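In what follows, chain A forms one complex with chain B and a second complex with chain C.
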Partner chain A sequence: MTDKPKENKLLEYWNAFATLVKRHPHVQYLIFGLVLVLFGYLSSVGVLPSYYNSVFAYIIIFTIVALGLNLLLGFSGLISLASSSFIGVGALGTGVFLNLGLPFEIAALLAIVSAAIIGSLIGLLSSKISGIYLAISTLFIAEILRQIFTSLEMFGGERLDIGTVELLGFLELSRNSRAQRFYLFAIMAIVMAVMMMVTYNIIKSRSGRAFMGISRSENSAAAMGISPLKYRVMAFTIATIFAAVAGVLYALYYQNAPTRQWGLLQSLTIIAIVVVGGFKSIYGMFLGAFIIHGLSELFLKELLGDVSYIFSGILLIVVILFYPKGVAHIWVDIRKLYYKFKYRNKEKDVIKDET
Partner chain B sequence: MDNFLSILFNSLQTGSVYALAALAIVLIFRTSKTTNFAQGSIGTLNAYVGALVLSSWGWSIWAVAPVSILTAFLTGVLIDTFIIRPAAKVNRIAKQIITLGLIMIITGITPFLFGVDPYQLPRFIPSGSVDVLGASLRFNTVFTVLISLVLMGAIFWFIQKTKWGLAIRVTASNEVTSKLMGVPTKTVTMMSWATAAMLGTLAALIIAPSGSVNPNMMFNVQVSAFFAGVFGGFQTFYGPVLAAFIIAFARNTTAFYVTDIWGDVLVYMVILVFLFFKPYGIFGKAPVKKV
Partner chain C sequence: MKHDDYVLKLDNVTMRFGGLTAVNGLSFSIKPKEIVGLIGPNGAGKTTIFNCVTQFYDTYEGAISFKNDEGSVNLKDHKVTEVIDLGIARTFQNIELVPDLSVLDNIMIGAHNTFKTGVVQHIFRTPKAKAEEKAIREKAVEALKFMHIDHLKDQFAGGQPYGVQKKIEIARTLMSNPKLIILDEPAAGLNDNETDELEALIHRIRDEYGASILLIEHDMGFVMEICDRVCAINFGQFLAMDTPKKIQNHPDVQEAYLGKEE
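== the complex of A and B ==
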């Protein structure tokens, strides 16, 4: 008897919490980020293997790029083959500005701004060029950037070493120390949660609806007073900003930036993540990144060797052919199935009662 | 003058390789309404088959080439039957992404099938050259340029003058209507995939001796062929072929006379600016869209 009110109170708290989460998806994203932080903590103290940390860091990077690409591919119906190059702009740009002696925050900001400028240029290009011509134009940009990365001396040839990063002017973090690496991981997870919130806000805003309108029919959207040019430029700029943020995180966590990695194959991997995860889904991007990058790095590599490309290629085709909504949609289908069974059983009961 | 001539000869060789690949891409673009991003990878796969036959049985390149072309034909048919045809209903972007998936599968599978060491393929005509105004012109270059030109001429003739060519053109213009008119569009699409795979493989066999047979050997060709497609316009069959030669020549000239490293970048920039003002390429016209 004495316990009951306490239990009720707990239940009340729980209910209040549940409604809070339901009403504010932002809280969900924050919790998701915190869970990841906890996961990183477990692997840094040795409960989970420590290389999980590194793999999940890459998954986070891919998730952020995929969130940006999803705005293009899923919402606006535009395809970009240069998303990997913009991670490169973020990572290498941060490195170059850091080597000039700027503080990390300003270096990161400058790198993101320079990526955004290139992104908006592509957006402007897209005002004239469309369809497959646009996709290949982004390939031009990717090739030009690749040439710049590998030939300019300031990017250091093979890789650009960054070394210990100083945050906020006093917090020095090096990836060589296990505890500090966990802090770096925690920062990444939180940034990812923030980017998820930003994506949510964009999707639910006027611009998000405009993106979707353009992807359905540009002419109808234009007739409704939505300027396709404005929103195309916006979509491209946002996507490149996301990729550049991912690049900054790459520079922060790995503390060096290779120059040859940012090619077409990685862009393809990111497209695979968006497709497998599910167009227009936010958690789907994380799920896709986990399936494409995580599964092959964590499990398949030990069993079968380096099969990541084959695996993601096959998955990509299978998902497009048989499950075009993406893996994130499985939840909805399972729930539908569950209600179907429940409803059917109830219906049977009702029929029994009547007879 | 001799420098200019050797650039010209060089451009003719690379240009014909680009042109073969570009023609293959346009063929598929027109009949299947998708861009085959995996064009280069299919060529690479079959070049590997050729290199494997050559190194394990010691056949000459003249015997190996038909084997590669045959396997290319099979690859094209298989891809069309098992991947492209079931995907007839998916939207355009998803179709393109499927071919991107093909790149990943092929790139991933080559180390398992053929090992990680690069192979070597010899030239069709191993030695011998002739002096033209001070620039040396290899017999092999003459041969490869000639065979590509003859082949492309034959394909253009086929497309323009024969009944099957007519079938290709009507499928390209409107698949549903041509199906209603009794054109076997399935066979047409399958044959275009097979032909495209064979053209890509031929391009790979021509380009292989100047480097080695490795998973990335066709990357440059592939990208250039796409650029040629965009630059020449996908609406015609001849536009991309001409653009391929223009791009090869422009790249070699800028690389030699202007800058070594930034030649490509310069050419790409010029093409991008050009596309901004003429979005459908040199020979293309804006497609008429019914709303």
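== the complex of A and C ==
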């Protein structure tokens, strides 16, 4: 009996914390990022296998791109088959500008800005064409970018070596040291959390509502002063900025940038992540990236070897069949079950009281 | 009230789609705080007129002028997305809401043009952006209370019954402080109770928001009850514009609806 007040106090703290988290989704994203950092720490000190780090780094990259693509697919009803190419622009661009001798931050900024310019041009294009035609045009843009990556000499042919990265002018981080690799991973996890917050801020604002307005009913959007052209350009620009940020993180973490990887196949993977994770969901993007990329890399490959792709394909179909709204929707179902359970117990209690 | 005092004035407006003349030399005007009904058989060109006024069609001939507090403007000089800034808000014949946004968020879209902050400020949640969002949220709740649907504010708009969706659309028009509200068949698909409620609401919108209202409606009982004046058209031609009573007895209007007596 003596420790009951203490327990109550703990419960009180917990409740205060829970309401804080509930009220401020930003805190949730930060906690999510910190949990990932902890995860990276565990795998860097050897509690978890060290290759987990590298797989999760890729999941983080995919999550950020998918967040951007979700603004197009889920919110604005636009499609892009070039999202992978913009990771390439971010990664290779950072590499090229670094090799010119610029500091990392400037190089990253320049890479993101160049991607954003190309993205806004696609946005302008999307005012004239839509649906499958837009998809095909972005496919061609992706192909053009891929050709540029592989044939221009400044991108180094097969791959562009970047090497040790110097942050803020004094913090030198190399992926060859285990401890420093963990710092790189931590930076990525925090950037992902920030990008989740940015996404949340956009979709919960006038701009987010405008994105949904132009995709759900363009006429009424126009009647309310929402210019479809402006918001299409904005959606494409933001999506490419997200992809370019992911590319910068790729350059930062892997410290080299291949040139052949940024093609249609990876773009389709990212679309699959958005579909599996759930349109309009933020955590869903991480879940989707984990299911599409993480599961096969972490478990299936080890168990099944090369045929693991067959199983990830089957998994994809199963998810689409049973969770067409995305895996993020599982949470809703779990909560429903919980309330059902709770309600049923209460009902029993009531009946007991009466008897 | 001066004789030439108007909010909206159509002057000899003609709209052609290829060989088809949907609206032919139509002229009429709406006075401030007036409720005007636009009636006519199917295909008479009523919605076409609405689309000309709101600049969805910008290839019409003739002039449509609109008078707000800053003076008179020719609507043709403005793009479709600028019309709401002048003070014209509209609803649609087929409900045009965002089904997967909450009722409240749908209403807030109606205030899109009144926002001063842009996407960069939204991304960083600057104090100004936050304050603006909050003010508009409160205004949206007010509009919902006005329409008696504030208890539904957090539900998805897509799942609401037809009558509620119609109300959401009307509430949305109130967000931009309009001088003129254009309602395309507001009573279509409503039951008698809902129609009566809508009647009272439209009168209250006129009185409390000080807006003129132009509406298309096929429910003649509703039109006769609610409108100060009624404009009847047929095959894009002007038939008559007068008080509801006189329109009912107008021979041209009767002919358009019932056919000619042999």
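The rule is short, and it goes like this: the second predicted complex is superposed on the first by the 315 of 355 C-alpha atoms of A that agree within 3 Å, B and C clash if a C-alpha of one lies under 4 Å from a C-alpha of the other, contacts with A are read in each partner's own complex, and residues count from 1 in each chain.
The criterion applied here is as follows: contacts are C-beta pairs under 8 Å (C-beta built on N, C-alpha and C of every residue); 3 or more make two chains touch, one makes a residue touch a chain.
Just so we're clear, the structure is a prediction, and the values are computed from it rather than from any experiment.
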For A:Met285 in the superposed arrangement: first (chain B), second (chain C), both or neither? neither
On the A-aligned overlay, A:Ile148 touches which partner chain: chain B = first, chain C = second, or both, or neither? first
By the touch definition at the top of the document, which applies to A:Asn219: first (chain B), second (chain C), both, or neither? both
Quick one: is A:Ile112 in contact with chain B, with chain C, with both, or with neither? Answer first, second, both or neither. neither
Applying the document's definition of touch, where does A:Gly313 land relative to chain B and chain C: first, second, both, or neither? first
For chain A, which side has the bigger count of touched residues, chain B or chain C? B
Does chain B (first) or chain C (second) touch A:Ser227, or do both, or does neither? second
Given the touch rule stated above, what does A:Arg206 touch, chain B (first), chain C (second), both, or neither? second
Using the superposition on chain A described above, determine whether A:Ile60 touches chain B (first), chain C (second), both, or neither. neither
So which bits of chain A does chain B touch that chain C touches too? 219
Touching residues of chain C toward chain A in the complex: what are they? 54, 56, 80-85, 89-90, 92, 96-101, 105, 108-110, 112-113, 115, 117-119, 122-125, 129, 133, 172, 176
Given the complex, residues on chain B that touch chain A span 29, 35, 83, 86-87, 90, 92-94, 96-98, 100-109, 111-112, 219, 223, 226-227, 229-230, 234, 261-262, 264-265, 268-269, 271-272, 275-277, 279-281, 291
If we count contacts the way the header does, which residues on chain A are in touch with chain C in the complex? 198, 201-202, 205-207, 209-210, 212-213, 216-217, 219-227, 234, 238, 280
Residue ranges of chain A in contact with chain B within the complex: 73, 77, 79, 125, 128-133, 135-137, 139-141, 143-144, 147-148, 151, 219, 264-265, 268-269, 271-272, 275, 305-314, 316-317, 320-321, 324
